[in-house]
Amino acid sequence: MSEPLLQAVDLECERDARLLFQNLSFSILPGTVTRVEGPNGTGKTTLLRILAGLNDAWSGELLWCGQARHQNRESFLRNTLYIGHRPGIKPLLTPLENLRALMAPRQPVPDQVLLQALAGTGLAGYEHVPCRNLSAGQQRRVALARLLIADEPLWLLDEVFTAIDAAGVQAIEALLQQRAAEGGAVLVTTHHDLDLPGMKRITLGGEVNHER
Amino acid sequence: MWQFFHKLGSPKWFFGIATRFMPWLLAAGLLLLAAGIVWGLGFAPKDYLQGNSYRIIFIHVPTAFIAQSIYIMMASAAVVTLVWRMKLADVFVKAIAPVGLVLTFLSLFTGAVWGKPTWGTWWVWDARLTSMLILLFLYGGAIALDRAIADEKSAARAVAVLLLVGVVNIPIIQYSVEWWNTLHQPSTFKLTEKPSMPAEMWVPLLLSVLGLYLLFGWLACLRMKTEILIREQKTRWVKELVLAGRG
Amino acid sequence: MAFDSFSAFLAMEGHGPYVWACYGVFAILLGGLMIWSRRRHRSVLAECRRRYQQQDQRANKGQTKTAATFTRVEVSQE
Amino acid sequence: MNAEVRPVIKPATASVGTLAAMLAVFSRDVRVAFRQRQDLLNPLLFFIMVVTLFPLGVSPEVAFLKQSGAGILWVAALLSVLLSLDHLFRHDFDDGTLEQLILQPQPLFLLILAKTAAHWVLTGLPLVLLAPVLGVMVHLDGNSIAILCLTLLIGTPVLSLVGAIGAALTLGLRSAGVLLSLLIIPLYIPVLIFGTGTVAAAAEGAPVAGYVALMGAFLMLAVTLAPFAAAAALRISLSNS
C-alpha cells in the first residue's frame, strides 16, 4: 500500500451559516482517480477549493504526505495543480502567451513543448489568436493544455468537462486514466456521468444533518 | 493560563460575565460621569484666559481620549482575530466600531464649538482637529468595509487587516499633520495645552474620563451580547437562554 | 460654586450657548447610542425567541424536504 | 493498477526561482495592458482634466496657480491612481488568474510586489512624465517642477502599494470603487502632505534633502509592509468568493 498524498481528517465547513459537510475524512492515494459528487449546492467546489488551499473557512485536519499541510505549504503548492471554474485564461492574450504565463512560475518549459501541448488539445492553428476570439470550449482547452505537460503529482480539477465536446470528453477521460496509471492522483468534480474503472468516489450532500 | 485564554474566547462564558457586570458598569459610569460634569460645570474655577468656554474640556477630552483608545483596542483585537481566530475578538471589533465613530464625532463637534468663542471661528485646521478628522475617516472606512462583506468571518478578517494597516499609519499621519501644521501656520492656538492645571480642574476631568470609560464598557458589553445572539443563534445554549427569558 | 446665581450659571458670561450646545449634543448622542443599543438588543432577543418557537412548531409537525422535479407550474388563464 | 511507478514528490524548493516568477507576473501584466491601450490612457486623461478644472473653477490668476499648482497636481495624480486601482486585481479575479497566483509556490507578497510594480510602471510613471507639461501650464518655475517630479517619482509607488491593500480588501464587493476610495484616501494623507510640502519648502528656498529622504523612508516602509497586508487581504477575499 502506498502512502497517501493528501489526507483529510474530520473536515467541516460552514458557509453562510449553513453546514456544508462535517466529519469528512478521506485519503488521496497516488495512482487513483477520485470523483467528488453530489447535487448542486452541496459544496463540491468548496471542497476542492479547500483542498487546493484557496478557501480557509474550514476546520479539521489536512495532511500532505503525512505532515500538516500548513507546515509544508510550499511543497504542497509546488506539487499540486488546481484548475478551477475560472481557469486563469486572459482574454487579451493568445493561447500560447496564456499557457506560457501559467507554466512560468511552475516549471521551465520551452515554447516548442507548449505548442505541442496546444496542438494536443486541438488548438493547432489558433496559437496566436487572442483568446477572446475563441469559443468557450476552446478557451477551456487552453487551460487543459496544462494537463499535457504538468508534472505535479496531485491534480485538482473543478468541472473539468464543462463546455468540452463529446470527443474531447473521451480524450480527457483517457488522459486521466493514463495519469493514474503513471501514478498520479486526480480529483475531479463533474456533473457529467464519469465512470472510470477503479474510480473512487466522495459523495457530498447525503446524510449531513443541517441542525446542530 | 492557556485555559483562561480559551475561556475568554468563549462567547457563552463572556455572555454570562457581561450580564453580571453590566449593571455595575452602568451605575458607576453614570455616577462618575455625572460627578465629573457637575463639578466641572458648576464648581471648578473659571479659566483666566478662556473664561467659561473652557468647561467644554470636561467632555471634549474624555471623548477624544476614549475615541483614540478604542481604535487601539480594535487594532489589538484585530491581531487576535488574525492570529488566533478568536470569535470574541471579531464580535468586539464589530460592536465597538460605531461607538468609536460617535465619540470621535463628539470630540470633533465639541472641539469646533469650543473654537468659536476662543478663536472666533468654528473650524481651525489645527493639528489635533485634523488628526481627529482623519480618525473619523478611518472609523468610517472600517465600518463601511465591515458592512460591505456579507460573510461575517471574512468581514472580520478583512477589517482586521485594514485596522492594522491603519494603526501603522496613525503615527505617520499624526507626524505629517503636525509638520504640515507648522509649515502653514505657526501654531498660536493650542486647545488644551497648559503648563499646569489646578487640582480643581483636573480631578473632575479625571472623573469624567473614568465615567465615560465605564459607560463605554457597558456599551461594549451590551453591543457584544447583541452580536453574539445574532451569530450563535443556532447553538443550544443561546436557545435555552433566550427561551428562559434571560439575556 | 463658581457662579453667583443660577442665571449666571446658565449664561456663563456669554459662553453659555457654546457650552450648553456641547453638553446637549453630547447627552443626546451618547444617550441615544445607549438607548438605541439597548432597543436593538431587545429586538434581537425577541426575534430569536420568535424563530425558536416557530422552529419548534415546525419540528412537531414534521415537515419533509421535497426533491426537485422541474414540473411546469399550471397558470390558470382567466 | 500499478501504483509502484509514480511521480516522485519534488523537494520543497521550487524549480522556478522567485525572481523568474515575479518577472513572469510583471511581463504578463504589461503585455495585457498594451493589448488594451485605452485603459492606459484613461488615468492620464483624467489627470489632465482634473488639473484643468482648477483654473476654470477657482481662478486662472498666475499668483494663485503658482501657489497651489503643486498641490493641484498632487491631488490630481492621487485621484487618477485611485481611479486605476480598481482594475489592479479585478480582471485577474474575474478570469481566475488570481487563484492561480495565490497557488504558486513562490511567496505571494513578492508576486504582489511584482504586480504592483507593473501597476506603477503603467499608471504612476506616465503621470510623473506628464507632470512637467502640466507644471508649466500652472506656471510653476523650473526648480519647483523638478522637485515636484521628484516627489511624484517617490510618492506614486507608495500610492500604488498602499492602494493595492485597498484593492485587495474590496475585491469582489459590489460598490468596490467608492469603498476603495473611502478606505485608502486617509492612508494617502502623509504622502500628499510631504509631496506638496517639499515643493512648498523648495519654493521658499529651504533645503529639501531631508523631506525627500523622509519620503524615501515612506517608500521603503510601503515596499516592505504593504505587500504583506495586500497578500493577507487577497487570501481573505478569495477565500470568501
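The chains carry the letters A, B, C and D, assigned in the order they are written, with residues numbered from 1 in each.
Going forward, a contact is a pair of C-beta atoms (placed from the backbone, for glycine too) under 8 Å apart; a residue touches a chain by one contact, two chains touch by 3 or more.
Listed by chain with UniProt protein names: A = Heme ABC transporter ATP-binding protein CcmA; B = Heme exporter protein C; C = Heme exporter protein D; D = Heme exporter protein B.
Bear in mind the structure is a predicted one, so any value in this text is a computation, not a measurement.
Of the two interfaces, B-C and A-D, the higher number of touching C-beta pairs belongs to A-D.
Chain D has its Cα centroid nearest to the centroid of all protein Cα atoms in the structure.
We define each chain's centre as the mean of its Cα atoms; on that basis chain A and chain C are separated by 47 Å. Measuring from the averaged C-alpha position of chain B to that of chain C gives a distance of 21 Å. Chain B and chain D have Cα centroids separated by 33 Å. Within chain A, residues 57 each touch two or more of the remaining chains.
Under the contact definition stated at the top, the residues of chain B that touch 2 or more other chains are 151, 154. The list of touching chain pairs reads A-B, A-D, B-C, B-D.
Against chain D, in their complex, chain A makes its touches with residues 2, 5, 29-32, 52-57, 65, 72, 74-75, 77-80, 82, 84-93, 97, 101-102, 104-108, 130, 151-153, 180-184, 198. Across the complex, chain B meets chain A through its residues 150-151, 153-154, 234-236. Within the complex, the chain D residues that touch chain A are 1-16, 20-21, 24-25, 28, 31-32, 35-36, 91, 94-97, 99-100, 102-106, 111, 235, 238-240.
The residues of chain B lying in touch with chain D in their complex are 82, 134, 137-138, 140-141, 144-145, 148-149, 151, 154, 157-158, 161-162, 164-166, 168-169, 172-173, 175-177, 179-180, 183.
Put simply, chain D touches chain B in their complex at residues 162, 165, 169-170, 173-175, 179, 182-183, 185-187, 189-190, 193-194, 197, 200-201, 218, 225, 229, 232-233, 236-237, 239-240.
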